[in-house]
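Heads up, the next two complexes both have subunit A, just with different partners, subunit B and then subunit C.
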Partner chain A sequence: MSDTAAVSATGLNIIKRIRRDHSPVVIVMVGLFLVVLISGALITDDFLTWFNVKTIIRDAALVGIMAIGLTFVTLSGNFFLLSMKEIAALSIICFATLMGADWNQWGSAGGEVTTFGLLATFLVAFMITMLVATIAGAAQGALIGLGGNPIVVTLGAAGLFFGIGSWWSDNLVVSYRRPHGAEWLGTGSFFGDIPNITVAFIVIAVVAELVLRYTTFGRQVYLVGANRAAGRATGHENFGMAIKCCIIASVCAAFVAVAFSGQVSSAHVNYFSSEFGSSGDMTIMVIAIVMVGGNSIMGGYGSTLRTSLGAIFISTVDNMMVLNGFNSGARVLAVGLMIVFSIIVFALVRRGSRAVE
Partner chain B sequence: MAEQPLLWLTNISRHYGAIQALKGAKFEIGRGEVMGLVGENGAGKSTMVKIIGGFDTGFAGEYHYDDEIRNFSSPTAAEQCGIAIAQQELSLIPTMSVAENIFLAGDGVPRIASKGHLARKAGPFLEEVGLGHINPLRATNRLSVGEQHLVEVARLIAHNPQVLILDEPTAALGETDSIRILEMVKRLKERGKSVIYVSHRMDEIFKICDRITVLRDGESQQPRAAADMDVNSLVELMLGFELGDMYPKRHPIARDEPALEVRELWPDGILEPVSFQIYPGEILGLAGQLGSGTSEILGAMAGATKSRGGKLVYRGEEFLPARAKEAIRRGIAYCSEDRKRDGLFLGRPIMENMSAPALETISTSGILDGAKERRTTSENAIKFTVDPKRLPQEAGVLSGGNQQKVALGKWLSISPSVILVNEPTRGVDVGARAEIYQILRELADQGAAIIVASTDIQEITNLPDRIISFYRGIQIGELHLADMTSANILEQITDPFHEAGIAVSEKVS
Partner chain C sequence: MERLKHWVTENPDLSFAILLAVSVYSFFAITEPLFFTHRTGFAIMERFAVLGLVGLALTLCIIAGEIDLSIGSNAALAAVITVRFTDSLGAINALLIALAISTSIGIIQGYFIAYLRIRAIVLTVGTLMLLRGVALFAAEEKTVMLTDFRIPDFISTKMFVYFSPASILVIFMFVLVGLFMTYTRYGREIYAIGGARKEALASGISLKRPMIIVFAISGFCAGLGGVIIGLRSGTAQALGLQYLLLAGTVAAFIGGVSILGGKGGVIGAAIGTLTVNFLNTGLVFNVTPAFMVQMYLGILLLVVIMFQTGSRLFEGSQRRSQLLQDADRRRSILADKIARLRNSPG
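Let's turn to the complex of A and B:
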C-alpha cells in the first residue's frame, strides 16, 4: 500500500517537474513529436525490425561522422564549414586516384594479390588523403582564426577544393579494381551482421563525446565558443582552436569520403552533391544534423552526442517516409520541418531552464 | 502625505517560477518628487521598475496612477499615459543623428520632415537635459556615453512624461557625465515632473532624492525622507543588518622590493609613456575618469591592449605581454571593467568559469581531473562567498554582484601574485561590494600586489594604499595615504590644470 503511494508520488513528481521546468509550448511540441514518431512506427510495416534498425543507423553513419566533425567547429563558435562536401570531394578524388595509381600497387609483383599488399595500398592512399584533408582544414582554420568570416572563407575554400578535385579527375569517374584494401571499411563487417561503418560511427561518436567532456581541449572548445573574448582573456585563443576544430571536421569529411569510395570502388567530385540523404547535398544534410541535435549556432552549448542522436533521428524519419512511399521532395520538406521544429524546441527549453536571480 | 500621490502601487507580488521577486511590495511617488529606489541586486528593483513601466504585466496587486486603477498592457500604453523609462542599456540608433533619435517614435513631428526642421524641434529638449551646446545633427555615436544617456532622456522628455524612471543612469558614466545627469534631474523636478531614481551610488541618492524607498528581498520599506537618513542608516535598511565600515582597514606596507615595475609603458589612448612601481601587499589605485587611460594601462599590462612600447620588470625578467596567455603564465591576473564582454562565460557552469584560467593545473597530459577541479573551484568559490552548491549552475543566472565575484574569483585559480582589476564593483550591490573590498584586501595582506582602476570616487578614495591619478591620457600625480582625500583626487582627475571647468568644490558632498 505504502509502496504504491510512493511510486505514484514519484510519478507525479516527474510530471510536476516537467511542467515546472518547461513551457507548455515545449511540452506540446515534444508530445506531438512523440505521437507522430510512435504512431508512424506502428503503422509502418517492417519498421520495427532488427534489419531496419541496422539500416537506419548505417544510413546515419556517413552523414553522422561528418556532422560530428563539424560539431567541433560549431561548438567552438566558428559557425559552420560550408565546404564540407567539397573537402570530401577533393578527398575522394585523392583517395581513388592513389588507390589506382601504378606506383601504389604493393605486393602484386607476382600477379598474386595478397591481403598485406592491399592493405599497404590502402594505408598509403589513406594517409596521404588524411594529410591533404588536414592541410585543407588547417588552411581554413587559420584564415578563420585570423578573423576571417567563416562563411566567406569556407565558401571560397569550397570553390577551390571542388575546382582542384574536378581538374585533377578531369571531371570523370575515377575507379579502381576490386578486390581492394578499402572494402572492409566500405562494405565489410567484422562483428556479425553489423557493418564496420556503423561500428566506426559509434566509436567516433563515443570518442568525440569523451574528448569534449574530459579533455582540456574539449573544455577549451566550449569556453572559446561560449565567449571568445573571455576565452582570450583567460589564455585560450581562438586562432589555435579554429585550426584544430577545422582539422577535425576536415579529417572526418575525408574519412567519410574514403569509406564511401570503399563502398563503390570509385570516385567522382559530384558524389557528395547528389548521392546523399534526402536532399542530396551533403553540406546541407550535415548542417541540418548539427542543428536538429540542438547545438547552439553561436557556439559554447551542445555536444557531439546531440549530433549523433540528431543524425539517427533524421535517418529514422527519412526511413519511415521511404517505407511509406514518400518521394524525395516530401522527405526534403520533412528535414526542413525538423530543423525549424528543433530550433524552436531547444530555444524554448533553454530559456525555460534559466531562472535569473 | 495629505494629498494623493500621483502614482502608487500596493500589495505588488510577482514570481518567476520558484523565485518570488516581489512580495506584497508598495511604492508611491508624488507630483514633482524625486523618489530614490534602492536595494541590493535581486531585491526586486528591476522587477518593480518593469512593472511601473508596463514591461511586466504578470504581477498581482493594484496599480494606481492619476487617481485611476491602471493595467498597462505594454510599455507603449504606459508611455502614452505619461510614464517613461530610461533603461540601463541605451536604445539609441548610433548611426543616426541626435535629432532623428529624439523623434524616433515618429509622433509629434510631421510625417515628412527635413533634418533642419527636426533639429529645430529637438533644440528645446536638448536644452532641457543640458545638451544645448550639442549640434542636433551630429551622429549619436560621436557623443560620449554620458551624453548619449542624456539624449535618451531627451527622447523620453519629448513625449512630455509625468513620471520619468531612470534605471541606474550613471552606472557606466564618469564623474562629469554623472553630474550632468544629476543636474538634469533637478531641472525636471523644478518643472514639476516626478522622477524615480534607481541607483547603487549612495552619494547620488542623497544629493537629489526627496524620499527613498528601500526594497529588500522583494519587500518594501516605508518611504523615508532623504534628509532624515544618512548613508549608514540607508545601507542598514538595504541589508537588514549593520554593515560597519565598508572599506577594510589598511595596514602599513613595507615598500622595499617592488613586485612589479612598469617602465615607459605606452598604450594606445595614453599621451605619454607611464612608469610606476607596485609593491607586494599593496593596493595601488589608478584614479581617472572615463577616457583618462587607466583602462588602457591595465589592459596593456595584461596583454589585452596594444602598446607602442614599454616593459614590465617582474621577477628579474623584462617583458611585455602580447597576449593574455603570457601574463597569465607569469601569475598576472587581469579583470576588465566589462564582465559580460570578457570576464565570464555566461552560458557555461560557474565551475568552468572558475577554472578557466588554470586548465593546465587541473589536468594531467590533456585529461581534466574532475575531482581536482571540483576541489579547487569549491575552495575559491568559498573564498569569494559564492555557494559551492551553485557551481553547476550557469554563470548567466547569477546576479550582478555574484557574477562579479565569479569574474574576479576565477583568477584565484592561478594563485596570482599581481592582480589588475578595472572597476571592481561596477553594477554591484552594496553587500557584494563590501565583500569584494574585503577579499581584495585579504589577498593584498597575503602578499599579492593589486592595482585597481576605478572611476568611482568613493571607492578610489577609501580602498587603495596609494593612488596615481590620470587625466585625459596624462599621468598627473601620485597621492599617498595622508593626501588621499576625495577633494584632492577629484581635482587631479577632473581639472588638474585649472582650465576652469566645473568647480571642484561643488562636486564634493
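Let's turn to the complex of A and C:
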C-alpha cells in the first residue's frame, strides 16, 4: 500500500518537475513525438531498425539544413522567405553549369583523373555558387531590412530567381559526368555506414545552435526578433540583421542544392518544385518544419534545435506512412495537418504572453 | 483640366496604376500588330475572369492588413472538386459544392485568425499545404478530366464582342464587392482593421467579423476562380494553379494597396489585374516562355515594393526634417525674443 503511494508520489514529482523545468510547448511536442513514435513502432514492420533510423535522418537532412537556415530569418522577426526553393534552384543550376564547364575541368588533366583535380573543380563551382547565393540573399535582405514586407519581397524575388535559373539553363537538365568532385557530399560516407549528408546535417545543426546560444550575433538575432524597437534603441537595426539572416538562409539553401546535385549529377530548376520528396513544394515543406518545431513566427522565440527536431519528426511521420503504403496525397495531408495543428496549439499555449502585433 | 489635376493629386496610387496600365497596353499595341484587336480583347477578358478574382481576393486581404497564401491551393481544390463531380452530379451541383467548400474554408480560416490572434500568413501557409493534400486526396493524385465538353464551350461563349458568361460573372462580382466595401459598415470595418487595427479594436470593432468576411470573400473568389479554370479547360490538377498567388499579388500591389493595410480598393484591383493581363497576353505574342513571364511579374512586384518602401522612407525622412526645421525656427524666434527683452531698456 505504502509502496504504491510512494511510486505514484515519485511519478507526480517527476511530472511536476517536468512541468516546472520545461515550457508546455516542449512538453506537447515531445509528447506528440513519443505518441507517434510508439504507435508507429507498434503497427509498422521494419520501423525500428537501424537502417530505417538512418533513412529517416537522411531524409530529414536536406530539408532540415534549409530549415535551419530559415530559422535564423524567422527568429530575427522577418517571418520567412518564400523564395527558398527558388534560391536552391538558381544555385543548383549555377553549380551544375560550373561543374560541367570546359574551363573548370581540372580533374582530367593529361587524360588522367586525379582526386586533387576533381576537388579543385568542385571547390571552384562550390565557391561561386555560394557567392551567387550570398548575393541573392543579401539583395533580398536589404529590401526586407529597408522595410519591405518579407513575404511580398520574397514572392517577387522567387519569380525573379526562378526565371534567371530557367533562362540560364534554357529550362533543360544540366548534367555532368561521374566521377566528379561532389560525390563525397552527395552519396559518399566517411564514417562507416552514416552518409556524409547526415553528418553535415548534424554538424550544421550543432553549429547553428551554438552560434545562437553563445555568440553575440546569436543574442542579437533574438533581440531584434523579440523586440524590434528595443533593438533599434540599442543600436541593432533590422537592416543589417535582415541581410545577415537572409544570407545564412540562402547559403544553407545553396548548400542543399550542391548536395542534391552531387547525388544525381545533374540539375534542373524544377528539382525542388516537383520531384523533391513527397510533398511537392520544398519551400512550404521547409516552412512547415520551422513551424512544427515550434518556433515563434513573430520572432525572438525558438531555436535551431527545435527546427532539427521538427525536421526529424516530419520525416519520421512521412517514413511511417510510406512504410504503411500511403500515397502522396495522404502524406501531404498529414504534413498539412501537422502544421495547422502545431500553429493552433502553439498559438493557444502562447496566447496572452505576447502582445498582438 | 483643373478637376483632373485635383483628382490625380487626390488619388496618386490609382492614377499611377492607370498610367502603368495604359503604357503597358500601348507598348504592346504599337509593337504587336495583332494586339489591338477584338479577339485579343476577348482573350484578355477571359484571363481577367480568373486573375481578377484572385486579385480582388488578395486586395481585400491586404486592405485588412493580412495576406492569404492559401489562395492557389483553395482554387486548385475547387477546380478538382468541380471537375471530378461534374459528370456524376451535373455542373451546377458540382460548382455549388465546390464554392460552398472553398467559402467555408475561408470562413474557418478567418475565424481562427481572429480567435487565435495570429497573423494570417502563419495560418495560411499551413492551410496552403493542407488544402494541397486535400486536393491530392480528392483527385486521387491524378489529373481529373471532364468527359462532356459542352460546359467548357458554354463558359467561353462570346457575348458583346469582349465578354463571356465567366467574365460577366466576375465583373458582376467586382461591382458587388466594390459596393459592399464602399457603402456598408462592414466594408469600412475591413478598412479600419487594416489601417489602424489597435485603434479599431479600441473603438469597439470586433476583429472576428471583418476577418471572417474578408476570408470568406477571399475563399469564395478563389473557389470561383478555380471553378472557372476547371470548367473552362475541362481538366484540373491538385498541384496546379500555384502561379495565381504571384500574379494576384502583383495585381493587388499595382492597384495601389499598401502592405500596411487600409489602402486600395476594388477599382485599383481591376486596373492592376488588367495591367498584369496586358503584360501576360503581350508576352505570349512575343513567344515568351512561361518562366520568363513569371520572372517579369517578379521584377514588377519588386519594383512596386521598392517604390512603396522608398516613398515611405522618403516621407518619413521628410517629416523628420520638417520637425527639425520647425524646432529650429521656434528656437530662433525664442532666441530673438530673449535678445530683444535683454536689449530693451528697463
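Definition applied: the second predicted complex is superposed on the first by the 313 of 357 C-alpha atoms of A that agree within 3 Å, B and C clash if a C-alpha of one lies under 4 Å from a C-alpha of the other, contacts with A are read in each partner's own complex, and residues count from 1 in each chain.
We take it that contacts are C-beta pairs under 8 Å (C-beta built on N, C-alpha and C of every residue); 3 or more make two chains touch, one makes a residue touch a chain.
Note that this is a predicted model, so its numbers are computed, not measured.
Aligning the two structures on subunit A places subunit B and subunit C in clashing positions. Within the superposed three-chain model, A:114 lies out of touch with both subunit B and subunit C [touch as defined at top]. By the document's definition of touching, of the two partners only subunit B reaches A:223; subunit C does not. In the superposition on chain A, contact of A:39 is made with neither subunit B nor subunit C. Measured by the number of subunit A residues touched, the leading partner among subunit B and subunit C is C. Applying the stated contact rule after C-alpha superposition, one finds that A:291 touches subunit C and leaves subunit B untouched.
Looking at the shared chain after the overlay, A:324 reaches neither subunit B nor subunit C. When the two complexes are overlaid on their common chain A, residue A:49 makes contact with neither subunit B nor subunit C. Judged by the touch definition given at the top, the superposed model places A:13 against neither subunit B nor subunit C. When the two structures are aligned on the shared chain, A:237 is found in touch with subunit B, with no touch to subunit C. Taking the listed stretches 19-27, 199-207 or 271-279 of subunit C in turn, the superposition on chain A shows a clash with subunit B for 199-207 alone.
In the three-chain superposition model, subunit A touches both subunit B and subunit C at residues 356-357. Interface of subunit A with subunit C (complex): residues 79-80, 143, 146-149, 151-153, 155-164, 166-167, 171, 269, 274, 279-281, 284-285, 287-288, 291, 297-298, 327-337, 339-340, 343-344, 347-348, 351, 356-357. Across the interface of their complex, subunit A is touched by residues 67, 69, 112, 116-119, 121-123, 125-134, 136-137, 139-141, 238-239, 242, 245-246, 249-250, 253, 259, 289, 291-292, 294-302, 305-306, 308-310, 312-313 of subunit C.
In the complex of the two chains, the subunit A residues touching subunit B come out as 20, 214-220, 222-223, 226-227, 229-237, 296, 300-301, 354-357.
Contacts from subunit B toward subunit A in the complex involve residues 16-19, 41-42, 302, 304, 323-325, 328-329, 334, 336, 341-348, 352, 356-357, 359-360, 363, 366-368, 370, 394, 396-399, 402, 410.
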